[in-house]
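I have a structure I would like to understand better, so I am pasting it below and will then ask my questions one at a time.
Naming follows writing order (A, B, C and D), and every chain is counted from residue 1.
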């Protein structure tokens, strides 16, 4: 097999190349999304204390008031402060997304690695199961699961978790397959290194990049799915505030109270966008081809300075 | 000395602060071939692409001058200030996209390295050839099609009429490169740029392409700039040679002067490092050594899944050979000959359909469990690509230490560190580099780490699968010396797999020639190289560029 | 044009789809049987006697072993009989087919809107990588992906329908009956579905075009001095069409499944809303039927994409 | 919950709950489903009607009927249509007094055990067949034998006999002053045509004796009625009615304002004031005789004590609930029967008094830290809204309310199995005081899910059932009602209003408190 001439890759003999995270913060977009994410996380943690009004305090005479000095986001049909409820809802929306994605990550990546690394009939069987799961559109499958197990927080987490498992399985399998054929893994096998060590030292770090990117994107879509399920009245149940549920309640008041719909939707949009942008940023840093591109751009910028 | 087709003066290319090309000048006359040779990272491709205005690297700044001679009898092309004496050619450096478009394809043709990606997979070949004719010669599609047919014939494509409507995936690598040449020469350009055109091809196909280009050049008087890393090939095709190193022009001389009286030390080193047939042989090994490895009737078949169904590839077909302890068996063959598959069977990566493999009395294929693990210690393997045979995320020390941990060959953390240090020094690398990461080392240094890792197993047999093929000629020479020293000191037995016969001759005591999975010929290296019995072996040997350029007579 | 190549390719894809369909049937069948509590009792609500309980249980065959139930379910499903809705007493298949035109028309309108936006934007930004216009397209498409479609629907209702009073806030008119009214009613939901889908597709199309633009044969095309438009049209876009085709197929299938929330916001009487109401009223036969129908549509769309794929890509047509 | 066979009355009673409850569909769009076009098997050409002659009234209702068989459907949307297609023996007028309909006159025997109805002659079904006493017997026997949702109304009926073609005698086991309101209260006991039932066409092509006959029914899209020229009460003025299903309030309002429809009741309370000012539109808001209540599960401590229940009654902020749920359109009422009814009794003991509530809780031995499982249902958004208000009202008393929102079928299961602490629901379609109180508060009343038992109240209710003198009967119900409210068996909240709006071109139409939608006497000016 004639060898291709190694392309003009100058072996940089001195110093480690710019570390991943420094490259990440190069682009302003990533910085902004990281800051927004930080804010969202802080609000999720300290939500209740930040809220100017008690979340479930009903004050019907003060219902449906537009945004004002007292109520920055106005009040809803029961007179509750929309700003406070949006802040407190951050926690539940994030919690559902994180738990669901964690479930999908563990199960999905487990399945993906086993079928990608082991291969053979196990791979075909697992992948057929994944294909079946993919045949069901995300929303409908989640709906069906919630219908069977009843609405509520735990079932929503489980439904979203189940629905996102196949995506992780495919990402993990694809990268595991790619890593398995890498010479440095084959050398380990020829040296008699056990599967456990190969998986731990070579396969897992090898698939870390794509899986991290997928995690960030899935959290974004997890938030969207929770909001959608709650919007359909099947996710988080009242009086516990959740963005989706607030939009569901706002549906009847679109004519009179636009603010009931605008602000919770905005909160969903901002947090989902932040996770999406970070996902993209991570992809650029973790994908070798993109990383060298970023490094040359960094060189160019230093040249111009 | 007629007027040059392309005259390049003090060409410089820089990206940001890094200056890739540092002042290169050359010229090429009609009917002449200029060879540009340099190792990886020398900037040879970038130089030519910058000179012809095809460079699209982001942020690249090109300075200097590159003037292309006007077409004979063409209307006065824009007068170029400061061009060569009296010539009114086209200045390509800094030219507008429109000017470059008028010149590309019409006055300058290009052939690139990788035939599998250079042609549009969804466009019939006839259209791809005819395109530049329609753009530059204003031909109608029908006229362009007939011209394309003639071109296909000219480049030696079998039944050209049927091939007009075929697609690239229906041709072999060599045929695709021939179509590339047809594309480049469609408008009968004055200059042909060939950027490593044969590097991706087998030796025999490479020879045919070289012959084709020379014939076409002879008929059409085209000037050719041939870029390659292979000094031997350049010696065969070029009239004049420019040697580049790290973007600098080291030497530019007619080819014979260069080979016989190299001025620059680097050129001398390149020439010396070139493995040439009949020049060097391995140190003699103990002739009566007992056979270490015996392989009988080895047969391997691979299932291949294509979009349209499953087919089988018969990779190894009834191969038998033996390797004596302390000796090196060279395994030679073109791509697809099954030489790597044999290596994978020996190291347990692939399970054969049939055949027996015996390592000093142990049945290699029959072992299970602990015995299998012990066997793995006795056969080590070094892969081809230095960049992917080391895990980028682990330090050099960790990689070398892995076999030590797996087989418990060193006690405790410092025991391992000490052993790793010893192994690094064994392959002429400083022990301190154990904490470095692979991307901090050059290709040659990484290959030495791979060898150190293989030696950590204290193996008896080392399988080297194209281990030096990816290295530059100079570095390859030093690694081969290291292997020879290790064989002498440690009495190692090598199975050396390669496609470069000169390299095989230099290291092998015995040689095995493979073609499409079957053994063509096998025997002591000296006798096989001196008097090859099989026609295929003879063809392989003939395809290697001669030591002396164009068979010129020996200097006085 | 060897038919052999295409036939084998499609044969394999068809077999694959059938295996997946069987899997889908198993999952859908299991759905009902996972219901906590007894589906019969839930079906009857509370006004029943012991005798009518037993009668319905026998009639619906719930007392037979699971395997036979599954086989009869599959048998019936293949003949188009998906059982009877507990709530309305109507055959499920009828109700589903009743609602199919609304969802399909909304999905198609959504896809058309998506293509009209995503194709030019995706291709343009793919061809002008790194430029300002590319950055703008990337950020807006990124934003589009992050917008919850039901929220976008509500904003459109507040802004366009209520604010400008241009279009109806909800409701439906069948295309066959009254095209003008259909057009007015499908505008806002179609836009909602289309814009979100456009954002997703723009990103994929941009990557597809980028990958092709960096391919070797594009450099060859440029080396022939061809006009930029020819290089773009014949060498970049034409190759990018194949991945774009796949993206469009997947997106149509995703829209079909994902319109639930948009249909709820606009009271659009499609499959999504039907499923939502069925879930809200525990009408399991209907939920089962709807999920199965959409999954089958999903597979059909993928199969059609494969057929187009084999026609467009010579590497399959002539392998 | 294992089902054991129970006396017919109780089983019938159970059926009653569903009928009663399901009729109540809050007009703010409960579980509605707008369907779409597509001519399916259901589409039928009108049996008797052809093209409507004269103007067609376009009415938009909030949801699609699940089926058109009056005796087995329990969806209010169905009755909005069937009101104009079928007749009952007798029917209520504007102030819910029973007037002759298919029965021209009737008399009861001395002992009140036999009722003889003299039927109107010359009445024909829409398919031309004659209406006879046999049809009445068939209709009622079908309800009882098939155990349809209104079978419980025949609880005290022992026999229904057609003595001759135009006379029907009904014998009862005990005097039942509310027999007339049971037989004619709503079209659930309509007189149907045997052939139409047995052919199964009744669910999609019903045939009645009413002012309009069914012309066309395209599921998911619309239902068309056409005037019945030979109607016994005189042919209707208008040519026909075109029902469409519009669940989205803002769409219905917009359609009414720009003249696309003539009448609608799909109006969310919060969008009412946008209509009030609009020109060319008339709004009808009349209190209905439905009522909404809270009930505490007396099987669970501390709610088995009166003091604890009264504490809750004082703790809740009725005005807030009323405003949030009905935007001021409902009438507050601490008893069940609305002011407009002749059986109304004045009662306003409770008020929003946190201190009193605290004191009563202490009296009941509740030291705080109590949690309440509030059973709400997503099918009726009022329950979810009120629950959140009550949760915030009870919090200062140290009571945490966990709101459980389930679909209606599960809600019924949970209620009947006593799996709740506090629930909110509404009753509808009650005309006679016995409908309001007996089944809900009598110790062995079929709908006594809260487990209230007071022998004195039982005595009053049993006596009132057979008391023929109206004044005495009124007195008995007043005593029973006030005791029920005092002891907190139900904490009554309000009577919701019927909210409808129609174009000024529509004449002679009034919104009725029993929610019946009658178009037979209306006129429609050519728009």
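Observations, loosely collected:
The rule is simple: contacts are C-beta pairs under 8 Å (C-beta built on N, C-alpha and C of every residue); 3 or more make two chains touch, one makes a residue touch a chain.
Heads up on the chains, UniProt names are A, C = Peptide/nickel transport system permease protein; B = Peptide/nickel transport system ATP-binding protein; D = Peptide/nickel transport system substrate-binding protein.
On a predicted model such as this, the values are computed, not experimentally measured, just so you know.
The most central chain, judged by the distance from its Cα centroid to the centroid of all protein Cα atoms shown, is C. For chain pairs A-D and C-D, the one joined by more C-beta pairs in contact is C-D. Once the centre of each chain is set as its mean CA position, chain B and chain C turn out to be 49 Å apart. The distance from the centre of chain C to the centre of chain D, with each centre set as the mean of the Cα atoms, comes to 41 Å. Inter-chain spacing, taken between the CA centroids of chain A and chain C, is 22 Å. Contacts with at least two other chains are made by residues 250, 378 of chain D. Touching of two or more other chains is recorded for residues 150, 233, 254-255 of chain A.
The residues of chain B that reach two or more other chains are 58, 114, listed in rising order. The full set of touching chain pairs reads A-B, A-C, A-D, B-C, C-D. Chain D contributes residues 28-29, 249-250, 268, 270-271, 274, 317, 319-321, 323-324, 378, 384-385, 387-389, 391-393, 395, 403-406 to its touches with chain A in the complex. Against chain C, in their complex, chain A makes its touches with residues 29, 128-129, 131-133, 135-141, 143-144, 146-150, 220, 224, 227-228, 231-234, 244, 247, 250-251, 254-255, 258, 261-262, 264-265, 268-269, 272-273, 276-277, 280. Remark: chain C residues 4-6, 8-9, 12, 130, 215-217, 219-228, 230, 234-235, 238-239, 242, 312-316, 318-319 touch chain B in the complex.
Of all residues in chain A, those touching chain B in their complex are 1-14, 16-17, 182-184, 186-194, 197, 201-202, 205, 296-297, 299-300, 302-304. Those residues of chain C that touch chain D in the complex are listed here as 42, 45-47, 49-50, 53, 87-90, 94, 97-99, 101-102, 161-162, 168-174, 176-177, 267, 269-270, 273-274, 277, 280-282.
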